[in-house]
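Two complexes, one shared chain (chain A), two partners (chain B, chain C).
What follows is the complex of A and B.
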């Protein structure tokens, strides 16, 4: 099996998993909300309502497609497409498990192990703004425009704190920005979260803001802005926006777990590697990584149904006056500790 | 051979998108074409094995500066009708200045020795470690001077913003 074929299969698999998981995250969200509010949740379509996402998808496809007459048609369609593309792009640099082996050749479970891994993630995240901005502006609706402006200023503000919190982690891994190296440096229970709890907290908070999730879902706060940037969207274009939000959640959970929670590492991985065949260990490590991702997706939902929304000035104050200085101080302290006490 | 094809493709995209920035009627499309242009330039950096430069180029230009530009265009709601009419004098001045700049660039191009392009021997020439080493040893002073300049610019903008509020 050539490397190229393996990569193509891997890309298609990751693509399908992202979309499938995003679809069932909508179901999960409704079930978690129902659980937290002491309700039953969707239970009509199929056993336990398991076919609900499919029913929702069919509904989205069959809805009438409305494009506002005075809007810019090209940009109106480009908006949700760009948002989805940027949501899916990040998965390329995430190491999903220990390498597999076919015919004596080792194939890493990662699409692209590039030298600048984590910077690539930050770069793609910063591009995600365009989908929202173009959609909001081209709708020619003041609520949509306000939502788009809120979304982009929020994302720009929180990106800085996000980058700063990552620097503290990078100081601890020796000289590489590759996510693969970062994950490999967290063998067993040697996870970054135990050394960098502040950075982990800042990163998780900023990830919430970047995904536009509650308590930071001001771009679409329905009591003020109707639907925010996607007010004018209908049919599958609205579906793409809503869907991309869940893909974003999945990918940020993956990034959070590989930066701070050991990625595919778990205590006993080295022992398993000596007794079990390589490919089986690879699958187990993938399963463990997936478990961590699922936990963080649950965490996203848990917070959403527990904490109320911020006010906009509170959001900006938190981003610029609390998280940003905290992240910088964290970098300085980490640097000082490494300089004076070694690693 | 493949790298030649990719280079010419990227170069064509760069030139085409750069021209489209100028020729687009709507400012929003100009901004979008400029973003596409930045991406093709990032592609050129990757071709030169400068991965770090490529991604920083995308984060800084496409991810931050162009977002602010799009912001401005959207909030001002620039479109063809509201575009201020320019007098013939302004247009003539613009053509003359532009032409002169073009002449200067052309003259500069003529006198440069275009050496043959040599592919870098090592592929890790643009990796983060290498760039960082160079930056903090050989180019320490310019690097620190630039950061001082940045802080000056940041404080300056804060001061300007504060002044408005006190009035």
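What follows is the complex of A and C.
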């Protein structure tokens, strides 16, 4: 099998998994919400309501498509498309498992092992704000614009703390930005979260903010901004926005688990590699990684139904006056410890 | 005066460092919500599962027959008089020869109608009835598309001979024969 063929298969698989998981995350969100509130949740479409995402998708497609006459048509359509594309693009640098082997050749389970992996993730994620910004601005609606402005200022404020918290991790992996190297440096239970709990905490909090999830869902706070940046959107364009939010959640769960929670590593992986065939171990490691991702997606939902939304000034104070200094201090302390005591 | 010991006095004081971290509060909140994940759910899957009604529940009416399958109602009109919502109307008729197996006494209701939209389910008709003929049951009046369909006639109200409606719970509650 040529490398190209393997990569194409991998890309298509990851694409399908991201979309399928995002679809079922909507179902999961409703179920988790229901269970945390002592309800049952959707259970009419299929057994346990498992066909609900399909019914929702069909509903989204069949709804009337409305483009406001006063809107900038090109940007109005570009907004959700860009948001979705950037959400999907991030998955390229994530190592999904240990390498597979076909005919003596090793194929890494990663679409692109670029040496600036985590930088690429941060870069693409910050591009995603253009999707929200363009959508909100081109709608020609004050609520949408307010939502878009909130989203962009929130993203900019939290990206700094996010980048700073990642630097502390990079210091520990000899400065390599490749996600593959970062994950490989966390063999067994040697996870970064045990060495960098503060960085992990900051990263998780900022990831919540970057995904516009509660308690940071001010851009779409329906009680004050109607729908936020997607107020004017309808039909599948609205669907893309809602859907991309779940893809974002999936990707950030993947990034959180590969940066701080060992990625596909788990205690006993090395032992399994000596006993079981390579490809089977690869699948097992992928399964473990997937389990971690699912846990973090559940965590996202769990927090959503626990904590109420921030006020805007609280959000800004937390970002600039708490997380930023904390992240910088964390980097300084990590640097000092590495300089004086070695790794 | 203190009614319960759950009340909390609100004090506007400076938060301590631990409180300012918010994290302990967030984690205790997460613990509370995760507990609810394993609680018994309050929802009933309604059409498949129905909630148990109280014995005194007053739902759709039934016109009873006696043990031999004869209608109890004699169209005396006491229920219609007692009805505060004026939901009940009836036409009386005399029993002919050969109808003794259908009607218990010489007079019977040829037409008996209850407008279910007017009815307030107070149960006064049941109290007024001297012949044990009308009872409110734990059945729910189902929804319809037109108002006309809510006027229930004898075809709906009178119980079928082979399909008796159980009213023992209501009989016990306060009616003494």
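To be clear about the criterion, the second predicted complex is superposed on the first by the 343 of 343 C-alpha atoms of A that agree within 3 Å, B and C clash if a C-alpha of one lies under 4 Å from a C-alpha of the other, contacts with A are read in each partner's own complex, and residues count from 1 in each chain.
Keep this in mind: a residue touches a chain if its C-beta (ideal position, glycine included) is under 8 Å from a C-beta of that chain, and two chains touch if they have at least 3 such contacts.
These numbers were taken from a predicted model, which means no experiment stands behind them.
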| item | value |
| --- | --- |
| Room on chain A for both chain B and chain C (clash or fit) | fit |
| Touching partner for A:278 - first (chain B), second (chain C), both, neither | neither |
| Which of chain B and chain C A:35 touches, first, second, both or neither | second |
| Contacts of A:81 with chain B and chain C, given as first, second, both or neither | neither |
| Partner touching more residues of chain A, whether chain B or chain C | B |
| Following superposition on chain A: angle at chain A, chain B versus chain C, Cα, nearest 10° | 140 |
| Partner chain(s) touched by A:307 [first = chain B, second = chain C, both, neither] | second |
| Chain B versus chain C as contact partner of A:127, first or second or both or neither | first |
| Partner chain(s) touched by A:235 [first = chain B, second = chain C, both, neither] | neither |
| Which of chain B and chain C A:137 touches, first, second, both or neither | first |
| Which superposed partner A:43 touches (first chain B, second chain C, both, neither) | second |
| Superposed arrangement (fit on chain A Cα atoms) - minimum chain B/chain C Cα distance in Å | 27 |
| Chain A-touching residues of chain B, taken from the complex the two chains share | 26, 28, 32, 35, 51-52, 55-56, 58-59, 62-64, 67, 70-71, 74-75, 124, 127-129 |
| Partner chain B, residues of chain A touching it in the complex | 72, 75, 114-116, 119-120, 122-123, 126-127, 129-130, 133, 137, 145, 148-149, 152, 156, 159, 175-177 |
| Residues of chain A that touch chain C when the two form their complex | 32, 34-40, 43, 201, 302-303, 305-307 |
| Contact set on chain C toward chain A in their complex | 23, 26, 29-30, 32-34, 36-37, 39-43, 45 |
